[in-house]
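These are the structures, in structure tokens.
First subunit A sits with subunit B, and in the next complex the same chain sits with subunit C.
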Partner chain A sequence: MTQLTPTTAPPPVPEAAGTIEHATGPGRRRRGGLLGWFRGDGPHTLVFLLPLLFSFVLFSWKPIVDAAVMAFQRTNLITPPEWVGLDNFATVLGDPLLGAAVVNTLWFAALALLLGYPVPLVVAVLMSEVRRARGLYSALAYLPVIVPPVVGALLWKFFYDASPNGVFNTIVGWIGVGPLPWLQDQATAMPSIVLFATWSAAGGTIIIYLAALVGVAPELYDAAEVDGAGVWRKVWHVTLPQLRGVLLITFILQIIGTAQVFLEPFLLTAGGPANSTMTVLMLIYKYAFQNSLGGDYGAATALSIMLAVVLAIFSAIYFRLTKSWSTS
Partner chain B sequence: MTDTRTTRSTRRRKDAEAPDRGILSLADWRRRRVRVTTRLTHLILLVSLFVVGLGPILWLAKSAVTPTQDTLRQPLALWPNGIDWANLGEAWTRVEIDRYFFNTVIIALGVWFVQVLVATTAGYALSVLRPRYGKVVVGLVLATLFVPSIVLLVPLYLTIVQPPLLGQSLINTFWAVWLPAGANAFNVLLVMRFFDSLPREVFEAARMDGAGPYRLFRSIVVPMSRPIIGVVSVFAVIAAWKDFLWPLLVLKDPAMQPLSVRLPQLQQFIELDVFLAALAIATVIPIALFLVFQRLFLNGASLGGAVKG
Partner chain C sequence: MSSTTTRAALSGVALLSSAALLAGCAGAPAPEASEGAPVTITVSIDAGLEKEARDNFDARVALFEKANEGITVEAQEYTWTAPTFTTDLAGGTLPDVFTIPFTDGRGLIANRQLADISGLVAALPYADQFNPHVAQAGQAEDGSQWAIPIAAYGQGLHYNRTLFEAAGLDPDAPPTTWAEVREAAKKIADATGEAGYATMTSGNTGGWILTTLVNAFGGRTESADAAAATIATDPAVRDALEYLHELRWDDDAMGANFLYDWGTINQDFAAGRIGMYVSGGGNYGNLVTQNALNPDDYGLTVLPLQGADPGLLGGGTLAAVSPKASPAEQAAAVKWIDFYYMAKLADEATAVETAELAASLDQPVGAPELPVFGEEQFAAYQSWIAPFVNVPVEQMAPYTENIFDQPLIAEPRVATQDVYALLDTVVQSVLTDRNADIDRLLADVQTQADALYAKAG
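Coming up: the complex of A and B.
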């Protein structure tokens, strides 16, 4: 949070910005302190920065600072907020639902990695060798990303109909499986949600991998062939190592994304059956917006800050551990 | 026009995107076993992509005009027993999908305008005009990328309920969705990167000819940055069309809600065939945009990876 303290600095009154310029020396084009700043582009630059400053101050920087403050307050929008120390954190940590939400979110992340991480990579590597009509392949792969997630979720909810006449049950029936309970059962609900989430997100990752695959220098393959490498060894020893930068980033981005999963369980199962798909973000939503006694905004922000801190620590450790691996 | 564009794009693809070889060399391609396996794999891949990517959308299109009983009894029948075009009309008028559809359009247009305005002006100020304090601003914008959006959810909601200086809640106004959309660090960075890559000589020359900062922006920078404005636009519209949680929180009046918020609630009290027709209507615009601006979408998606990477 230390980098957030200067948030109050950016909407500088012109004089303040001028003195900065004055103190650090002349601008590139014009010399001469405050007057020069005024005669030059100074005020005009600020005009162009206004939309950014307006939206970021109000809707990004200030809310981030607010979150850090609100986690230690009781806010009900009627009486002035009151400091309550670590009470909100105690409330959240004492909630019996928290354990389930954390376990479910981890389970979602693990399943999403198992399914959603290798599939786009394999598809992208295969697609990179397509010589004709590769645009068609990309378009087909990207289509699910275009479908609005709400439409996708409602559609898949119908597909997941647990009766033998359900769409997916008809399909698995062809190979003699089922009927499966899909979203209705505690054991299959989360994998079903992950299957949908993977369907709706894989296309974006495929396109990112494809762009990276095109960047692999052909000379590397030539060299590998001179050393007698076959197709598989070229994939293993050239393609994958060349993609490692992108792979490292998509991995951590996927973890951060899955930690904040909301729409899929919210629409497909509403957290059920028996809280087996209640995620951390759904719990935050419940604290703040589904409370009949008025939102517990303090508990909601406390939990979101804990989640953010865990993610930050995880990312830091991840980048530390993979540092030697990512730089060639 | 289309002709020149396609030749240019194929040339570009030959030049930059696909070198004359990939993992497989020409020698590999000449080997029969490799060639047959590769072709076969590609065929299987194409069929699977077709079924998985397009299948559900085609199913939705079919079911939108199929009577409920048909869909329930034989959901996977390739051709319905009867076609019920009335579903679409009924969804549009009786269920008032038209209203939610236009709400979605208005929200998307507003979000598009705000995002393009913030991204281009900020990119211009920070990458072309480059004030001394620019680095601080860029740093602060960058820093927001590292804060998970979930942290902002509740405080942002309270900002909308009690906005500073305004003294009036923005709940149930489109401003509640439009304004926060501007604070998008990703767009700003994307545009800045693009402006950084433009030749500075052009700006210097325009300056020599006496163009002020506004003239430079309007006559030089905006026309030159059409490609990146296109990418930002496409992503703004699609993201606004997709958004669910935020409009759900700030647009409580059903008459103001977009399709994404309204559809889950409608499900409970309308017939299945009309509901599926409504889902199909909600998908038409994004799919149409994708078909028209395919290259923009796919280039933009890979650009996303480049910036994130």
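Coming up: the complex of A and C.
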């Protein structure tokens, strides 16, 4: 079958060489070098850039560099620090709690993925079908995100009271389920935390998915309907493939976010019961701040660096593997 | 804009920013104050004081400054917390005079994170009158006093009189043995559905209260020479955990919530959800002023002691001086500590004035505490503040009448908080896992504690 489009691009037409110069304006020669920079937009750019650069360097880059340096030192912030090479990393890797922390973090990530990844998508799909009052539903969906995380955590901690007249136990009591231990049992503590985390974060993802869904061409749905697809087949064959760019991004963001979970276990269970909700970030906090005689800042920064490196490697692999699927 | 120019510009900007950063970070060192020169000290005051309390404080400051020409006192709201102390010290935002709990005194002194004011303290008129059990918390290895004890307490068993009555128990006859505590807990849980007995388990308080229990059972978690942990070897540790296990799983008398720390257990007790719990004897103030406890509900008794060599774990507060204070500032700081903290214990007029103000602000006066000096001085102090006492002393009589008969002991000396943290996990396991293997848990903690003791040398 003959190709209707050429397989290779046609060679550049010689006249095209002049158009680049034309694009900068008639008769305007671009001057290179510092002088050109000064006369051009250079100083304006710099003036606008400097405050941002200053605060970024001061509050983002300097702490990162300091932490990287501190990971190779032993310091109590008062006496001059001493260099200890890789001792801090050895201490961290030899800590029995590290294994538990990594497993718990992965467990949290897996549960959060299971619960927190499909639920916003389903809700967004349902909401996109609604014709009227979509704005109201969007606002309601986003409401939990507006609740400050600490307030939400303390509220849910109260709701999770394990006695028979705790709020959630009363509610499940209506359907005949016995009082559940929620945060007070090693097996149910992490799922309880994930439930709260999903509730508080789903709203943002729903809004993102909703925006992406609205951008899907309706002709695709019409074509699918003509082929006899029901709602869920349409979702599987039209919506998801069209959304794959957004889905890929939200997936990696979710992984990176859940790997750094701290607030929920810190406020709800303080890592308990019996370290069943101790995550990597909680371990870092424990190293740095839970000893009243001055924490092991070297170990804390060493673990932080290791976490950052692991996440960076994971992201690199992820983007490599999903390059063929992405839309960009 | 060519790429070389871009790169040059960017590196110029980066250099500029780094230079600005470094200039900002390197602070100029404070000049040394010469002898006799005016000196300014910052002293800590409680955060969120009522207006009258703050006015009173300012009046005391004025009195002090008048009596000590050349010393200026500046107040700084400060609350000691474990996570922020070291960073405050490193960042220079620690006041010159601040208070720390007993449990951290020796550790901070060993780390040189407090100023050595022992020479100045030795010159105080009452330097040799401190209760030795209380003074040891602020002493260095050689016995010199680096921090001054300003308040002391012993652990006690707090109980809810209303829940006792609801369970058919006599609130004026609280349990005197651990077996009686267990019976009472079961009765309360059966009759009211609330936790008959509860214990702290997190934020290092689990280990703290477990150690208290072990001591009350006649054992220790540390050898007498502080060379090793005795967690897996002392039978009282196992006994205490078995006791909790039975209360929790056999009697179901500990309610349904097991992640308590100092603040949250006080909250639930004040809310009437806990029948009995062990904590510091001076908690009444916090329970009433911050947790709205109904004073009629409150009862306090001593911990039952059993076994061969039981002891009562004590605690308290030390006043210390920042190691960044110059010698002149240290001298001024000790004078302030003497004037502000010690006078209201040792001097009748100040004690009366302080108690009167506190009573007028509806702050509790007369909550149980242990003598910082000797018993006779303590008795005299109690008589001075007697007219202003507004706490239900009769309800605390089982404690105040028996506390002096109990042998007071100090907390474990080595890696205290770290071992407490390890024990937190054990207590939480025992309370949340019916099949927790107590021996294995204790063996694990012993191994880790051995490593901590070895590291401490």
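To be clear about the criterion, the second predicted complex is superposed on the first by the 270 of 328 C-alpha atoms of A that agree within 3 Å, B and C clash if a C-alpha of one lies under 4 Å from a C-alpha of the other, contacts with A are read in each partner's own complex, and residues count from 1 in each chain.
Note that contacts are C-beta pairs under 8 Å (C-beta built on N, C-alpha and C of every residue); 3 or more make two chains touch, one makes a residue touch a chain.
Predicted model, so just to flag it, every value in this text is computed and none were measured.
Once the two complexes are overlaid on the shared chain, A:Leu263 sits against subunit B while remaining clear of subunit C. In the superposition on chain A, A:Phe319 makes contact with neither subunit B nor subunit C. Legend: residue contacts after superposition of the two complexes on their common chain; A:Val151 is shown touching subunit B, with no touch to subunit C. In the superposition on chain A, A:Ile64 makes contact with subunit B only, while subunit C stays out of contact range. Touch criterion met: A:Pro164 reaches subunit C, while subunit B stays clear of it.
Once the two complexes are overlaid on the shared chain, A:Trp236 sits clear of subunit B and of subunit C alike. When the two complexes are overlaid on their common chain A, residue A:Tyr137 makes contact with subunit B while staying clear of subunit C. In the superposed model, A:Asn76 lies in contact with subunit C only, and not with subunit B. After overlaying the two complexes on the shared chain, residue contacts for A:Gly272 are found with subunit C alone; subunit B is out of touch.
Residues 41-42, 46, 49-50, 53-54, 58, 62, 77, 166, 288-289, 295 of subunit A lie in contact with subunit B in one complex and with subunit C in the other.
Contact residues on subunit B toward subunit A in their complex (touch as defined above): 16-25, 27-28, 34, 38, 41-42, 45-46, 49-50, 52-54, 56-57, 59-60, 72-76, 114, 117-118, 121-122, 124-126, 129-133, 136-137, 139-141, 143-144, 146-159, 161-164, 179-180, 182-183, 185, 188, 212-214, 217, 238, 241-242, 244-245, 249, 259-261, 263-264, 267, 272, 276, 279, 282-283, 286-287, 289-290, 294, 297-298, 301-302, 304-306, 308-309. Across the complex, subunit A meets subunit B through its residues 3-4, 6-7, 9-10, 12, 17, 20-21, 24, 27-28, 41-42, 44-46, 48-56, 58-64, 66-67, 70, 75, 77, 123, 125-130, 134-152, 154-156, 158-159, 165-167, 170-171, 199, 203-204, 207-214, 218, 221-222, 225, 231, 234-235, 238-239, 245-246, 249-250, 253, 256, 259-260, 262-263, 267, 281, 284-285, 288-289, 295, 297, 300-301, 304-305, 307-308, 311-312. Subunit A meets subunit C in the complex at residues 32-34, 36-37, 40-42, 46, 49-50, 53-54, 57-58, 62, 76-79, 96, 161-164, 166, 179, 181, 183-186, 269-275, 286, 288-295. Subunit C makes touch with subunit A in their complex at residues 1-2, 5, 8-9, 13-14, 17-18, 20-21, 82-83, 85-87, 89-90, 103-104, 107-108, 111-113, 193, 201-204, 255-259, 261, 273, 323, 417-418, 421, 424-425, 428-429, 431-433, 444, 448.
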